[in-house]
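Data block below; observations after.
Just so it is clear, A, B and C label the chains in written order, and each chain counts residues from 1 on its own.
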Amino acid sequence: MSDILVTEQSQPGADGSGRPSGRLLEVEDLRVEFRTRDGVAKVINGVTYHVDAGETLAVLGESGSGKSVTAQAVMGILDTPPGFVTGGEVRFHGKDMLTMSAEERRRIRGEGIAMIFQDALSALNPVFTIGFQIAEQFRIRRGLGRAEAKKRAIEMLDQVKIPNAKGRFSNYPHQFSGGMRQRAMIAMSLALDPEVLIADEPTTALDVTVQAQIMDLLAELQRERQMGLILITHDLGVVADVADRIAVMYAGRIVEEADVFELYAKPAHPYTLGLIDSIPRMDERGQQLRTIKGLPPNLMNIPPGCPFNPRCPMAQPVCREKVPPLLQIGSNRASACHFAEELVNRD
Amino acid sequence: MSDPSTASIVSTPPTEAGSGAPVDAGLPENARREKPRGLLGDAWSDLRRKPLFWISATFILIFVLMAAFPSLFTSGDAVNGALSRSRVEPSGDAWFGYDVQGRDVYARVIYGARASIIVALVSTVGTLLIGGAIGMLAGYLGGWADALLSRFGDIFFGLPFVLGAIVILTTFNGAGSSNNEWYIMALVIMSLVVLSWPVVMRLMRSSVLATKEADYIMAARALGAGTGRIIIKHLLPNCLAPLLVYGTILVGSFIGAEATLSFLGIGLKSPVVSWGIMISEAQNYIRVSPFLLFFPSAFLVTAVLSFVMLGEAVREALDPKLR
Amino acid sequence: MGRYLLRRLLQLVPVFIGTTFLIYWLVWSVPGDPFAGKCGDRRCPDTYINFMTEKYQLDQSIWVQYATYMKNLFQGDFGVTYNNRAVGDIIATAYPNTLKLAVVALAIEAIIGLSAGVLTGLRRNGFLDNLVLVSTLFLIALPVFVIGFILQWLLGVKWGIVDPTVSSEMRFSELLLPGFVLGSASMAYVARVARTSIAENRRADYVRTAIAKGLPMRRVVGVHLLRNSLIPVVTLLGTDLGALMGGAIVTEGIFSINGIGRAVLRAIVTKESATVVSIVVVLVLVYLLMNLLVDLLYAALDPRIRYE
């Protein structure tokens, strides 16, 4: 029955060997396309990233850049159809999840890799209490009895700092405020003590003050539990405080990956540069906001060469012909720009 | 009489282009007309591609022709029979056989279309007009008038359909006081309308409530448009779509309801020819001559299905969510 | 909740009075002489005329008559037939049969309609989906008496699988066919509503969350998806139970079941006005209360709905 809701892809990996590299979660050359009536949209075109225990990777990009779809493919919750994984590997502890049996993969969800979503109101089931939805993890996945599961669920609510956890156990999602709802969502996803947590725009739907609280909570829980955290966001401000490394996505590709300080100080891709430049700054009040001109490409018809070339202020003829691969520059960073070196070494 | 709902959809040609919008007072006139037409135009281009629509529309056309000109389809006599042919099975001579009275079943099912179609169409028009008008009033006026009209509708809504029809029909035609075919037909139509209008009223009321607060209505009111003008020119065109769909399906269910009442012996009566009467007469011979039951049932079912299918097709075409 | 209930009950009162008054007026008051054609083909016996006139104050205005009638009704006195049989007895004998039939019909609707709806909702556009769509269209379009006759003839007469009519014992097995016939149209609606509801909710965010939690697919569908999708279906079933309890005049007639529908039809044919009015009043009351119950049920099923 699993194919009704999620179709597992049994695409063989690039080499299928699953080299043990010591990484916790690795995504390698992942490819996803959406097959619709109007055509095939290549949404993910070879994404590679990894996260280790205790580390926070921020995946940054505009909406439509494929950052959420990558996460869904990793979790195995892609809507199929229209979404199909057409290539690549997703390795958890070195083992490719895309070639696992559906049952093996299901066991990793929640226990190995858990996920929290942008809109907790629609992501939580409206007809069950918050308590039920957290306790369900203990009852179904851990086989605990009702009373014990309830006790553990209340502990979880306490851990995410929901006041009066005991009383709120039997509340429904619509009776929670937005921030409390996201806390409850976090409690639910952490119930089984996962090694990796994927947070898909966890604060986008919240007020600014609440956003900071939730980010602090996430950072704290991550430190305590030494989890790998993949933070998906379009908000550079959110990223700066918590992330260790940043992967910038554009048109279904990683265009730059770097340590957070290096990336801010010396972006190695014109797109990243544009993103940083478009942050409103206090010392430039009164001036016009800078934006990246143009629109992201139509994924059904990605331009040849570098996908960013139509919007790139530095585009050269080579950019319209050759897709720049994601290459190491320096010790611990990578960029997919033909002129990455020039960018880093300018000034 | 042709089917009102098909007619209004079919006759919506997408000829808006090229007319060039006048700039002066004609502008609101034009803007107003564009909205329903855009929707109906879309629906029509969607409908045109549906085989379901063409099949049901063809059947409906045939039934309407049958009701209007039965002699096109048969030269037989639907009313008079010869007892010597009582319950003669179907043959090349008489395709559908003869009934108990020795009447030609084929001729009877053809002539039976007229009563069913007339009753169903007139009842539908009546139901839509009365229910629509009251629903429009209730939704537009709101407050006390709405509460009063809604409760008034509930009174009729609270009557189970068949039960209510039986009571009404026996009351007004109690001691078999009249056997005039038109009188009974009018009674049947009346009871169908009286018992069905609250549904249309609720439908109309809720869609008026939904559009009443829309910005363009507010704008029209602010510009000084009167109540009558707002209702007729602005609200009505926007509330028409669900009514249209319901009306089409209603024709189908009224054909079935008319047959049910005739079958129970309280609707149309012999010598009127109707499918319900034929089925009712056939039920006593179900063991020996099942064909007597089969042919009128088949016609009845086809007619009802055609209208219900047409309604479905129109509903899907009008509902952008289902595309 | 309590205040909401009270308000709804108060709203019921005018509707109940209006409907019953309408029936009373139609049956007793319209044709002039209240006893013309009220006692079958004969003239009413004088004793009955005198008895009724006195008991219901038939020589007074319609308002007084109606009030008197209602007063009696609420004291448990449903009136008598002209054969001096208590109408209350008729209802007491017939109603259990109607209830049995209603329950069987509802069970069949729920089981067949729901399974068809859930299966097709999960797998749309397959062969089964189209089959269910077409067959539900047929069931909705066919008048009950046509389905009844065709199945009675096919299963009862031609193939002899079941008895064409129901015996007075009302065995469960005998009620299956009439129950199916009676519930056929609603079964189709249940299937369609369930299908739409499942298909809509299937892609809902909370279903995705349930999968991301690593729950077994059985539980994702059986608990998270179904519980949400069932809300409109259960409401539909409740409304239908109210309609079914109003008696099935046609079905009871076809299968010779001595239920309330047949009793009221017989009373109408034999022109037994006192019986007609009393039965209809009872049925209307049941129908209205069932509709109220459905509203409350809806609130119980969906925690987001709160009646202040």
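What we mean here is this: a residue touches a chain if its C-beta (ideal position, glycine included) is under 8 Å from a C-beta of that chain, and two chains touch if they have at least 3 such contacts.
This structure is a prediction, so every number in the text was calculated from the model and none was measured.
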Pair joined by the larger number of C-beta contacts - B-C, A-C: B-C
Maximum centroid distance from chain C, chain identifier (CA atoms): A
Whole-Å gap separating chain A and chain B, where each centre is the average of the chain's CA atoms: 55
Centroid distance [mean C-alpha coordinates] between chain C and chain B, Å: 24
Between chain C and chain A, distance of the C-alpha-averaged centres to the nearest whole Å: 53
In chain A, residues with contacts to at least two other chains: none
Interface residues, chain C side, partner chain B - complex: 11, 14-16, 18-19, 22-23, 26-27, 30-31, 36-37, 137-138, 140-146, 149-150, 152-153, 157-158, 243, 246-247, 249-250, 253, 261, 264-265, 268-269, 271, 276, 280, 283-284, 287-288
Interface residues, chain A side, partner chain C - complex: 1-2, 4-6, 75-77, 79, 106-111, 114-115, 117, 119, 122-128, 136-137, 140-141, 172, 174, 188-189, 192
Partner chain C, residues of chain B touching it in the complex: 151-152, 154-156, 158-160, 162-163, 166-168, 170-172, 174-175, 252, 256-257, 259-260, 263-266, 279, 283, 286-287, 290, 293, 297, 300-301, 304-305, 308-309, 312
Touch list for chain C against partner chain A, complex: 122-123, 202-221, 224, 227-228, 231, 301-304
